[in-house]
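In what comes next, chain A is part of two complexes: it sits with chain B in the first one and with chain C in the second one.
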Partner chain A sequence: MFLKTVEDMKIEEKLADLLVSISNSKKFLDELDLFKRKFFTITEGKGTDISSAIEEIWSGEKREIMKKYFENSSNFNESADYLRDYILKLPKVSLTLAIQPRNEFLNRLYLWMKEHAGNNMLLDISIDPKIIGGLVLSYKGNYINKSLSVLIDRYFMTEGKEYAVKLL
Partner chain B sequence: MLSTALEPSLFYFISLVFIIFLLFFCLVLIISFLFFRGTIRDINKTDLVIKEEAHKKALQMLEDARKQSMKILEDSLSKAQEIINETKALSDETKRSINTHFDDITQGQQVELSDLSATLLNEYKDEIRDQKKKNIETLQTISHEVETEVKNEISEFKDVLHKETINAESQIQNKIKQDYSAIENELKQYKHDKLSSLDEKIYEIITLVSKRIIGKALSLEEHEDFIMKVLEDIKKEGVFENS
Partner chain C sequence: MQLNYYKEPFEKFLTTYEEVGYVEILSYPVIYASGLPNVKVREVVMFDDGSLGYVTSLDKEYVEILLFSKDGLRIGSKIARTGNVLEIPVGEELLGTSITPLGFSIYEGYPAKRKADFRPIDIHALDISYREKITEPVETGVALVDLLIPLGKGQREMIVGDRKTGKTEFLLQTMLSQAKKGTICIYAAIGKKKIDIKKVENFFVRNGIIENSIIVATSSSDALGLVYLTPYSAMSIAEYFRDLGRDVLLILDDMSTHAKFYREISLLSKRFPGRSSYPGDIFYTHSRLLERAGNFKHPSGKPVSITCLPVAESIEGDISGYIQTNLMSITDGHVYFDKDLFANGRRPAINYFLSVTRVGRQTQSQIRWGVNRELNSFLTLLEKTQSFIHFGAELNEGIRSTLSMGEHVLAFFDQPMDKVISINMQIVLFGMIWLGFFKSETNERIQFITQLSIEKYRSDQKFKEKIDKLISDATDFNNLLGSLSIKKDEILSFYQL
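== the complex of A and B ==
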């Protein structure tokens, strides 16, 4: 049975911080599958050289994290499956935005959400220009529409009703 | 060889005997010829006499036969005349008798014919009556069959008409359903198109209005700041308190 150490948990948190969004996590899971295939190909031909398999797939900070994750592992296949399971079970926060966010802003959003939600998570970002601005949030059963279009609608339904009649 | 083989004296002797025998044979032949020539001449004479006598006898016999036949013919004619005369006499009587019998027979036949006619007439009448009766019965049967047949035909026609009416009604209903479904789909599509168009229009109007309200289009940074501001508002509403 796979026993998770404190070090493993820290590595997982770091990995979640790197992934940020669901689209990134999907890409990582594909890479993890590729790693497994490559690793087992290598072990069949040349022995257990896991570093070369990791280096072929990941780069930068991800490469270091994955090396650390697998260096103390006795069963690479089981460790990889456990990591996959961890990622799939991360809480998700759905955010609908009017614009495609830059990576910096995405990280800012992630850190803000992590700070205030208190957990590692993955952001499920979708884009809908019709909301004009603001966001629509869906988290743990809460649905909050704070889009600019809704704010404008509300305005026209109340204070700006007379303007709406003129516009239509 | 023979002269050399036999003695010359014997040879002369045999030759002499042979010549004598040959002369004797010739003498016999001549005598016989003379004898038979006279006999043949006598025979020819006798034959002529006999032929003449036979011819005379034959002529005589022919004459006798002619005479006898003429006599027989004359007798026959006279006999025939007698028979004819007798027959003529008999014929008148027979004729009268035959006429009488014939009249009787005719009358009898007339009576029989009359009876037969009456019988036939009666039978004919009976037959006609029976036939008429049969015809009437047949006509009645036919009319009854025709009536039954017509009733059946009308019943079948009614059934067919009923089925056809139901089929036609069903087809019309299906057609109406199809048309209605097509129209409904068209209406749905039209409604969808109109709503999409309206959405687009509203979106344009809202964008326009938002620009008017805010005063200008939002920049990327302003979008991001606005999002962060909205998140702060959400936090204040206590959405994340339970996390």
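== the complex of A and C ==
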């Protein structure tokens, strides 16, 4: 029987903090599939051992997390499936920005949102230059449009209209 | 401020209500969506392609939405709340148009005219304190119905019969007769063939009543959600004109098709099927619609009515089907079109023994009451006599005269589709037949005389005045018969027979 511990949960959360966006999570899930295939060859007695497989696939902080995750596991296959389900079930926050964000900005945004939402999540980032600036956010059916285009529209419908009348 | 989903773009609704949903399961005509945390049942939602839907139920995980369009959606399409219940644009401009249940022209590329007001499509019927007793008669222009199964303004009378037995023809005659009197006629074509919708429109144009008529139409190829809405939309338009103080005649053609479309929606929504696979709320679906018709109080002091004629199709003459009997218990009577009578050449093929009117008789004048009583007892006698002669017994003078009179009366009731007879002319003609003015004439001659009377009543003002005076002077039917006997020569002189 495969049992999860509090310590394991923390590892998963750490992983989610590293992934941040849906595109990263997709990439990670592909890597996890690759790991499972390698694991299959390991158990067949052909390939290398688990730790060299992890080293081959992941690097940096992710490699350390995965090593820690699998070192206490008795059933690698179930552990990998559990991790996959955990990532797929993470709540998704849809975020529309006017320009492609830098990683530091994305991480800051993620941490701010995690702090306010109180749980891990994945950011589904899309780029739409039409919003000019600001962001459009939707989470659990709630939709917040804090884009510059809406502000400009609103301005032209209210004060801007008055100024335009005065000017013209 | 409420936004109008006929005018505002999708993004405006997203920004205003700050809620978004995503299509998760697409099971046409119903979709299941995630998100929209505060959406309400019966609220209209808008999809990112601009099409509309209608929230039918909510569960823990998904919102169930009925679609009003057939394509354009995919898994993941965004949905926005509109904060509105379903409404239809209404206004005097609707007169003379053919529209979809959402108020757009049925002709692609022809935008609907700008309307003044909006009305919710699915509302509760007015309560009893707003209602009046039905006291005014409705003239259908069809002698058989006006004299035997009279209808009243505000009555709900089901028209039932097999397909191709002349139901629609009768309805068109009724609309022709009523539209000429200034009544607003609304024809709701529910999931009909496009050619049939066009035929009705052509009939209105040909007879010059298009300006008093509105067609709310969906064809069988339209989205199921739209077909389901058709009678509700038509009723909302009828209510708009009622509130303006105009009498309305509303035809729902037909409710058994509506029930079938609703059954399809319910089964696809995984609702539990009941009798004949119809959903458990099929009765409520129809009763809450038909309860909106009736005779109502109006601030002007004069009652206004929505007379509703829902049509139901029977199969092989069986009027004891589920939907038909449901409608029978909702309505104030029914007119039954018999396929055997139709096959025997009777037009209209109405079986008066199986037809019922519950409130129509209370609207009748003394004279019409008398005609109705005489006719009913005579036709019962005729039926008995006809079954008696099957035995091949020798016929005495009394029976022969009953049979001959019966033939003349039935010939008088035979009426071509495009002709309507005014009620006064009907009564006088029947009186003349009853008194034996045309005793020696053949059935064909009786029909000819009837046609001649319709034409003379329409074109000859002197003749019309004469007929109308005969009726207004008579206190009851016997009194009329007395006057007719005295003025026989004078009346027959008009015919130059």
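In this text, the second predicted complex is superposed on the first by the 157 of 168 C-alpha atoms of A that agree within 3 Å, B and C clash if a C-alpha of one lies under 4 Å from a C-alpha of the other, contacts with A are read in each partner's own complex, and residues count from 1 in each chain.
Note that in this section a contact is a pair of C-beta atoms (placed from the backbone, for glycine too) under 8 Å apart; a residue touches a chain by one contact, two chains touch by 3 or more.
Please read these numbers as outputs of a predicted model, since none were measured by experiment.
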Practice item. Report clash or fit for the pair chain B and chain C bound to chain A in the combined superposed model. Key: fit
Review point. Which holds for A:Trp112: it touches chain B only (first), chain C only (second), both, or neither?
Key: first
Review point. So, does A:Ile152 touch the first partner chain B, the second partner chain C, both, or neither?
Key: first
**Study point:** Contacts of A:Pro101 with chain B and chain C, given as first, second, both or neither
**Key:** first
Review point. Where does A:Ile144 make contact in the superposed view: on chain B (first), on chain C (second), on both, or on neither?
Key: both
Review point. What's your read, chain B or chain C touching more residues of chain A?
Key: B
Review point. Touch check for A:Leu34: first (chain B), second (chain C), both, or neither?
Key: neither
Exercise for review: Identify the partner contact of A:Gly133: answer first if only chain B is touched, second if only chain C is, both if each is, neither if none is.
Suggested key: first
Practice item. Pick one for A:Leu90: touches chain B only (first), chain C only (second), both, or neither. Key: neither
Practice item. Report, please, how wide the angle is at the C-alpha centre of chain A between chain B and chain C, in steps of 10 degrees. Key: 50
Study note, to complete from the structure: Overlaying both structures gives a minimum C-alpha distance between chain B and chain C, in Å, of 7
Practice item. Would you mind listing the overlap between the chain B footprint and the chain C footprint on chain A? Key: 140, 142, 144
Study note, to complete from the structure: The residues of chain A that touch chain B in their complex are 97-99, 101-102, 105, 108-109, 112, 116-119, 129-130, 132-135, 137, 139-140, 142, 144, 146, 148-149, 152-153, 155-156, 163, 167-168
Study note, to complete from the structure: chain C contacts chain A in the complex at 11, 14-15, 17-21, 34-37, 80
**Study point:** Of chain A, residues touching chain C in the complex
**Key:** 94, 138, 140-145, 150
Practice item. Report the residues of chain B in contact with chain A in the complex, numbered from low to high. Key: 199, 203, 205-207, 209-210, 213, 218, 220, 223-224, 226-228, 230-231, 233-235, 237, 239-240, 242-243
